[in-house]
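Heads up, there are several structures right after this.
Shared chain: subunit A. Partners: subunit B in the first complex, subunit C in the second.
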Partner chain A sequence: MEDVNNVLDIAKDDNLYGEVITLADSTADGTFLIHHFLSFFLGNNRPVCFVSLSQSFGHHKSVCQKLGVSLTQKIESSHLNFFDGLKVFGNRFLDTQPENVDISNTTSLQGFYKAIKTNYEDLQDKNKAPPVVIVDSLNVLLNIGYQVKEISAFVQYLCHLISGPGCDARGTLITFLSIGENGLDEETSLLWRSVVHMSNMDVLVSGLESGYCKDVHGKIEVKRRNLLKKNSQKTMQFKVNDKSVNFFASGMSRAVLG
Partner chain B sequence: MIGDIVSGSENSKIVLIEDSIDANGRNVLLSYIVSLSKITEEVHLLLFDVRGQDTQEALKSLGIQNVKVHRASTDLLQWDRSQGIGLHTDIKAYIRERLSPGTKSVAVVIDSLSPLLTHTSPSFTCKTLHELAYSEALRSQVQQVVTLLHGDLHDDNSLSLTHHTCTTVHKMVPITTPYAMFCCNTIHKKVSGKVVKIRESFNITEEYQVTEVAEVKQMSQNLPADQNQLDPTANLTFNLSLSDKEKEARSQVILPYTYNKERQECVLAKSVGEGKIFYQPDEADDFDEEDPDDDLDI
Partner chain C sequence: NTPEQSENMKIAWRYQHLPASQAGHSSSKFGHYYDLTKVMEPQLISSVNPALVGIEELERECKECKDLNPKYKYLLKRIEEEIDRGHFSTTEQTDKRSILRIAVHSLGSPLWDECGGLASNQEDLDYSLPRFLLALRVLMRSAFAVCMITIPTHLFQIPGYVGRLRKMCDTVLHMDSFAGSDKEKNPAFKEYHGLFNIVQLPRLNSLLCHMPDTLDFAFKLRRKKFTIEKLHLPPELSETANRNQEDPVPHLQPSTAICSTTKPNKLDF
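Presenting the complex of A and B:
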């Protein structure tokens, strides 16, 4: 989805080494961003460690197929490691111990982190390019009952996992979070703020203040954090189609301009 | 004020820079580090935050030699069981061991204090801050402790306890004017006991020097006096006003129960003890002095 790259100021062959990106949605659905990044990195032959906590493998497979990426093929060629969070955490509730993940501790995410680390290092060994970790989504961890500070520490460990010794060896971390209607859910907002403090770029997708619209699904705000240079911020409106997303400046939708 | 505190001409033992996702405070922290590297012999920088690596890279690009960086962010809770420091380390003892022998003035900078405040208690954090600045254990003299804190990650109670421990608090706010880069509210407790509260806008150069500090005066929030009182008698379909003639007639009206000259004389002339009726007819009355029963023939 090229248009998404343009909005995020990412070039087609950008590798985003060492970047931590936070994706969030409030009143509109922002999951198109996850599929975009998934297809973007897999298309660029970057290995991806995809931690899926909210959707099954089948769902992602069918969406990526529309975008022209075959997930099963990528798993076979060791370019993709799909961590099925639904199965792993679901089985914990059913008291069956998962094979290689130690999530018996209900307060600490250390076991979960170790499992992802193993997958990451495995991908690192098998591929030249440094892997990308995509986590979808952090809300599930909150809903299961982990505390905000625990999840925040987990994300911090992931940030350090991807930062390798040299500039070229750094991976990328992308996390997704649903913060609901602005500020109403205190814990989710707190978790979002702590993850944003750790990231280089944060993207927020929200619905229009006037409500649902068929032609304009919402607005997207992109903020880049750089140390001394002025933090750049971009706001645009969008409409999600079957295989692409249209972006336009606020109020400039073709449907509105008539 | 902020320029003076950063440069060291205004003394402050513990400085807190409180920022949020809308207003970044890392640049101010770097200004402090650059200034402290010139004033003190050694600056020990403790990194607890992920973005501390930005601070580290900026310092590397400036080529400052006497800043020692200690990364505590990589293994914060000891999940990797590495040999590094984390939240479990006794910071005071750790720094004491790493001081170069013979150093007389040292500064400690923390980026940031938020992981400490989140994972331990406010009292432990305040105690740690206080010990770093004042304890005898650090045999060299700690000239200043500067720390960054993300104000939007903690509750008011923890924040106010931490503010109380510090001698200066810079709270970064989003900049509203176009000609400056940063704006912050500063509360500084002077050595004499006086507390200065000031809101300033400033710029930071590429060498991390604080320049162009200007006070931002708060626009007074007085409600303007209601000058445009709506006149309720305007725009009516009936007339509520008086012409001049009518005003004159109104002033001539004698009110019924008031004293005027004639009534007063009647009252004063009465004899005490006798019930007498004083009848004063007004214009509409048809006063006839005659006895109406006179023509009765009984």
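Presenting the complex of A and C:
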């Protein structure tokens, strides 16, 4: 979605090699960002390793279809690897024999990381451009019992995975996290802060302080940390539509101006 | 300026384009009718063939489990069985497609051997409930079924825990009874029995969820009717704006009428 790219200062042909981006939402739904990045990278023929922990494949497929990307077709052409984390982790608690016992070990995320690494390297072999890893969402891991240290280390390993030799071989890492009402959930906030520390762009979607509004769904804050350029920060309000998101300066929504 | 013109009150230009409020409450009511004085007809129940998982069955059948609360594990097993028995799985072909309705009562309460979300050592978190919800989601996403659970959130002492549970669900509604609180005596609420707030709506298969006009409703529970209505607060008619410290509707800031401000206003001259 072009408007989202504009807010994030991303050009249409930007490759974001070597970048680590943290997406978070607190009191409003920010998951549209995941679908934005999915459609953006897949649209640019970048291979994507999508690790989905909170929703089913069907949901992502439907949303991406509206944004003009067919996930099934991208899987067939080896541009997309969909890791159904919801099933893998959920099945462990159902009576069905867990297939991937290594992956859903309840204390260590090593097995999980190794599986993602295998998928990443597989995409690397089959494509010229380095892959993008998108993880949605880290707080599922926290909720089911993994410790902050373990998840933080897992993200650290992913950062290492995407940093290949030379600038052109570096992949991109995008993680999503729901942090809940500001500061109330200490552990989640701690995890968020440690992941933000590893990233060079962090985005936070939150609800308006004045409460729910049908026409202005929330605000988005974008912070960029770059060693060479000056750090930048941007805040805007937004409204999500069926196939796009509109952004405007605070108080400038058409509904409010009348 | 004819005398009639000066009689009419003019609505501020800011609000001119908005529709005038609907007359009467009837269009914004929603409710179901039943009769608590009567017993349900046996034919109604037998035609549906419901499955009941009662307390005795849970106590008797649940088995030791180190990953999550044994009762939750058993409940998941039973739900899976019911989905198979009634051919509700999305992968199954069937002539008569219907929806399995599942209702779970008081999840997270001591009825399910829970202790405010804490483990037996009273210090660590008990991850059973979030794990249950994750596994439940896996089942629901591949079945023609809907599951409604009630959770007494006032029993959880851990801050942020309820927020986590909410994220593991699709639709979240919050009901707050007025009984026993000072809101019971508030004349603004004499028509209602409690608040009904929409906390979260499902965002599935689309970029956004349904965005209603308001999230704040109130409910009335009677012997033959349960209704949910848009919360209509009567206008503040007293000269001195004397509102309670605690606002009934969360996030609403009390408004001060411009004409009663005592602070010097930059427009005054």
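Here, the second predicted complex is superposed on the first by the 247 of 258 C-alpha atoms of A that agree within 3 Å, B and C clash if a C-alpha of one lies under 4 Å from a C-alpha of the other, contacts with A are read in each partner's own complex, and residues count from 1 in each chain.
Convention: contacts are C-beta pairs under 8 Å (C-beta built on N, C-alpha and C of every residue); 3 or more make two chains touch, one makes a residue touch a chain.
All figures in this text were calculated on a predicted structure; none of them were measured in a lab.
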| item | value |
| --- | --- |
| First, second, both or neither for A:236, with subunit B first and subunit C second | neither |
| First, second, both or neither for A:94, with subunit B first and subunit C second | second |
| Touching partner for A:35 - first (subunit B), second (subunit C), both, neither | second |
| First (subunit B), second (subunit C), both or neither touched by A:75 | neither |
| First (subunit B), second (subunit C), both or neither touched by A:163 | first |
| Touched partner set for A:113, first subunit B, second subunit C, both or neither | first |
| Greater residue coverage of subunit A in the superposed arrangement, subunit B or subunit C | C |
| Touching partner for A:190 - first (subunit B), second (subunit C), both, neither | first |
| Overlapping contact positions on subunit A, where the subunit C interface meets the subunit B interface | none |
| Contacting residues of subunit C [partner subunit A, same complex] | 14, 17, 67-68, 73, 76-77, 80, 125, 127, 130-132, 134-135, 137-139, 141-142, 159-161, 163-164, 167-168, 203-209, 211-215, 250-253 |
| Residues of subunit B touching subunit A in the complex | 20-21, 24, 26-27, 30, 49-51, 53-55, 58, 73-77, 79-80, 114-115, 118-119, 150, 152-153, 181, 204, 206, 208 |
| Subunit B contact footprint on subunit A (complex, rising order) | 20, 110, 113-114, 149, 152-153, 156-157, 159-160, 163, 190, 193-194, 196-198, 202, 225, 227-228, 230-231 |
| Residues on subunit A engaged by subunit C in the complex (per definition of touch) | 29, 31-32, 35, 54-56, 58-59, 62-63, 66-67, 86-87, 89-95, 106, 139-140, 142-145, 178, 180-181, 184-188, 210-212, 214, 217, 240-243, 245, 258 |
